[in-house]
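The data blocks that follow each hold one structure.
Okay, so chain A shows up in both of these, paired with chain B first and chain C after.
After this line comes the complex of A and B, so read on.
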């Protein structure tokens, strides 16, 4: 009996101990989930340093979680209503943001009235983080599309980077064929069965796979058909080569077999490590579709934004943290840019001196201010809730078209697949 | 703790007959395991079934009856993934099991040198991680990868094969990968079974003039039958639920030609707009198919 009482007593002590522990925490902790130590995590840690001066009671706990895991954990925790283990802030891929907000209403904290000034961010990013007129994310990572090219290869064919600036796809194909002829090198590579490059091209026309009512817009989408036609022509003329996976894609331009690449600005992180090619690279905007009205030389690919969870113990504090750092501190962006190349969509940072520094790897080109300029011109599109479904369906259709299927049949199938998924 | 309870049960001696007492003790030993199985196995199955009757997206679930089951009859991707999985099943399971049986037969020969080395070597693939072997296979079968280079240097091929690019070569690649990974695993079962066969039986058969083929079909296979049945059911089950290989080797491509059912369930839950009810309904259909196939195999294999 005595033993039992002692055990009971000990257990009570432990319980009491735990509860005092949690009461004693006047100092709040903000937990953050994000990926990539050199980029997002680094930026978050620097932001935490800055916020320490403003509000010393707050500690920021940055945890590295891969994007796929963030999505899996969010989906399982939110659908089981077990929000206890979720962090206060998550980094969200832009193309999954609307899907998550509409699948789990009330799970994310509405930042519209949090004091954050969204006018200071690139237009297209704000559009991607807005659902039903409410702001759910603080834009961060810049996904503005760039066309990065090897000027030493272009020179052999008698071209400079200016010959590839502000051009149409028709001109790109003409000049690309000549480069291919003279040097044997293609200008682009893409992963077979994935639609990243096609989506960059499509967004530059201001169109997307959904119309303004959110209905799938595939069979009737003339811009998409033109994009596919150009893509096929690029492949046929061997200006574009397809590879099988991401590693092969990266090595295709790192090894010098391909003389350029077109992707989100973050691809610079994979270009710069090759020291032998220092000084040979330049960046410019992407070609536009001359035949499509309203088409531009600008687009975006990838990119992510910070979101506050509604289940957070003090969402106001988390929102304030973001407001004072990612949405209000030029200093933060000046710190993270030189060491990580972390380009943001915070427009005031574009005026900063650091952004106007010439980059030696790109032959002294002021790439950061150029990219910030590109970002401000990217057409606004709504990715829509069923973005992943539509992209998968279109990727499938494109693989089928490349295998010789009729374009209309393949697109019809894609359209009905997406319609089924939305049903 | 256990002792005191047994003592307690013993002290009720007068109240129960000896039979009841034995039964009680039996139940006492069974209950912990039964509870664990019920709470971690049967309870989730029941909950999954209830979930499969709910329709809607994300957290907005509502009761929908059999709607999800009707929906999947019209789902092109579901049919495609079912087709792919059955292709794997029909091609891969017979190839793998006959290969395993042959290898087990060879390695059971007592006169063979380095027997244990070969056994280990064939079993080792089974100890590798599913993801890492899938990634290594992908790079080996790349357009400029190891396999194409070898085949071209041996003048077997004139042009490299784009293994991952064509629907049938990609499926073949999955089958090759699965066979490499799991043959050794099944071989171990057969080896264990072969150890139980008295060599005297073979000797007697040899004296009676039975050929090697006769010995295989008339002695080895009948005696190994229960084990063959076990491995068939396990492989069928495993193949129908294949995920890692298709996800990492081909990520379902090209054009969904290698998409597996589990992968589709994963996409529905975590990549696409989450439809947990619908995903649970598909999982349940797979469960039923596995159960039916296993039952059929048991019926065919069991002659008692």
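After this line comes the complex of A and C, so read on.
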């Protein structure tokens, strides 16, 4: 009797389970965590609108969570094995992607066989979202490096933007010194003690802080030494000024203290709010290192990708959503570009008319197709698991070098710091 | 006579400049809240005309009222619960004092040395298993009994006149009655100080609500502010307005309890 009751009870439970399951499939919700209402959140909401036409039963719930907060929640929830409240899709900083996948190997859904065609994205982005040959992220925003410059200032020194296109750092320093002489303005600003600009320079050479085996590659890294040498020269000749924090960095070019900036393409969002400077800006590629073999005029900085959580109730559905929107809808990229400046690494979008529209703020330059072109030429590098640690160690080394320490000593210290952290 | 005047004048000058220095960031925050982001970065020191615009942006992009209410609810519950629990404990440690309790108190104080980040993951695991995620209880429980508050109440209980307890016992009050009807009213300045500190800590708490309140509807003010700083382009006017709004409740509570707060803090140090 008791056994029969148990069986009956179990059957009821299963029935209840199945009914909720089929209900979930009919009317599913995909929860997304991402940051920045003008950029990522906006793009995700537009993607949701597009998917609504394809699969009307699916609602996409976009929740605003800052990047650092996403990382804290992921680490805590995954370490504590409490994944109930995690979303289906998260936006992940490319810098942190490999580390998260390596630290929590089962937490992220493998997208390799989900039908998403990764060939349609810029090479360097796919590389950053691939771990052990498996794809874990759908590339999104474009971190292709740009050199944005004030042409009105350049003109005072007798230059145009073409004089700064496809050049080497040697030429950049020569011309920069002349601009500095004539106008008193430096061409660049960077945050002291942070390595963003240095890393842009390093990636343009096709080298990184790790070798192909994932071992720290710092002391022996000739490209890194050349990057540091050029950075020091820029500082010495006052073509580059160092500021204390992010706010000062933004304000340095918004207020016109410096005549340009070099960063990921997303920095455009901070350039255009200054109405008085409309028409004065142009964009070009960054200088290359003439002395390093294989060095290019292209690099990247920042950027992020969409990941599906393995704990999702419906990982296939979430992957399909990404496949039909961010990995398959030119229309999406055409919608989000004009109002948010959200530039894609989805290459087919580059041919679109919207991408070829002249931008009035940049004197009618077709900046979007230019940047998409830059993105397709960025050298592939592998950031590695200990990317943040290595960047921190090198930043410290740079600060020490600027204070007069011997380059080799400082780099040796950075190398052993990273080795210690990896050990 | 003249010498004294100069001395007094310079004393006031000194005090005024120091108060200005400490108040300036607050003042600057309120000024920034009325300006456009570009002007804030340019370092303007004058009130602008963008306040209404900033407020509209803030309420359009975020669920401000919900976050304010959530923060208030969690902080109020936490404050009431921790005042009750911690003061009862502090009272017990002092009034029913013996050697074992002293030892226990020392162990309790040691727990102040453990940073929250260390216990965060196990705590989260525990609360997840208990089904307390996204609940007010989940928010409040870890801080309901803190070593600091218990210590504060134990120290101030030392000043509580034992004659009152003796007299109350003779007059037939129960032990619980003595606590509620004698101790609480007499120690109200300590309670005020503890309330201000606890409310402020709960209101400003960031890490714990960040992980335990993962539902969007349960979001608190610090989390909302954190989101405002997360964009590629930060709107500093809106950000400062949000920070300005979020300090109002703590400011009001502090001003209301200010007199008692000063008494409570100095009292416990006697």
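In this text, the second predicted complex is superposed on the first by the 397 of 423 C-alpha atoms of A that agree within 3 Å, B and C clash if a C-alpha of one lies under 4 Å from a C-alpha of the other, contacts with A are read in each partner's own complex, and residues count from 1 in each chain.
In this text, contacts are C-beta pairs under 8 Å (C-beta built on N, C-alpha and C of every residue); 3 or more make two chains touch, one makes a residue touch a chain.
Remember, it's a predicted structure, so these values are computed and weren't measured experimentally.
J.: In the superposed arrangement, does A:102 touch chain B (first), chain C (second), both or neither?
T.: Touch partner of A:102: chain B, not chain C.
J.: After lining up the shared chain so the two structures overlap, which partner does A:266 touch, if you call chain B first and chain C second: first, second, both or neither?
T.: second
J.: Name the contact category of A:82: first (chain B only), second (chain C only), both, or neither.
T.: Only chain C is touched by A:82; chain B is not.
J.: Touching A:136, do we find chain B (first), chain C (second), both, or neither?
T.: Neither partner.
J.: Given the touch rule stated above, what does A:72 touch, chain B (first), chain C (second), both, or neither?
T.: In the superposed model, A:72 contacts both chain B and chain C.
J.: Considering only the touch criterion stated at the top, classify A:42 as touching first (chain B), second (chain C), both, or neither.
T.: Neither partner.
J.: Looking at A:253 after the superposition, I want to know if it touches chain B, chain C, both of them or none. Which is it: first, second, both, neither?
T.: In the superposed model, A:253 contacts neither chain B nor chain C.
J.: Touch check for A:421: first (chain B), second (chain C), both, or neither?
T.: First partner only.
J.: Quick one: classify A:385 as touching chain B (first), chain C (second), both or neither.
T.: It touches chain B, and chain C stays clear.
J.: Overlap of the chain B and chain C footprints on chain A, residue-wise?
T.: 68, 72, 79, 81, 247
J.: Enumerate the contact residues on chain A facing chain B in the complex.
T.: Residue positions touching the partner: 68, 71-72, 75, 78-79, 81, 99, 102-105, 107, 192-193, 243-245, 247-248, 385-386, 388-389, 392, 395-397, 399-400, 403, 413, 416-417, 420-421, 423.
J.: Can you tell me which positions in chain A touch chain C when the two form their complex?
T.: These residues of chain A touch chain C: 35-39, 61, 63-69, 72-73, 76-77, 79-82, 84-86, 247, 250-251, 254-255, 266-267, 269-270, 273-274.
J.: Spell out the residues on chain C that touch chain A in their complex, using ranges where they run on.
T.: Residues 37-38, 41-43, 61-62, 120-122, 124-125, 128-129, 133-134, 207, 210-211, 214-216, 223, 226-227, 229-233, 236 of chain C touch chain A in their complex.
J.: Mind pulling up the chain B residues that touch chain A in the complex?
T.: For chain B paired with chain A, touching residues are 57-60, 71, 74-77, 138-139, 142-143, 164-165, 251, 253-256, 267, 269-274, 276.
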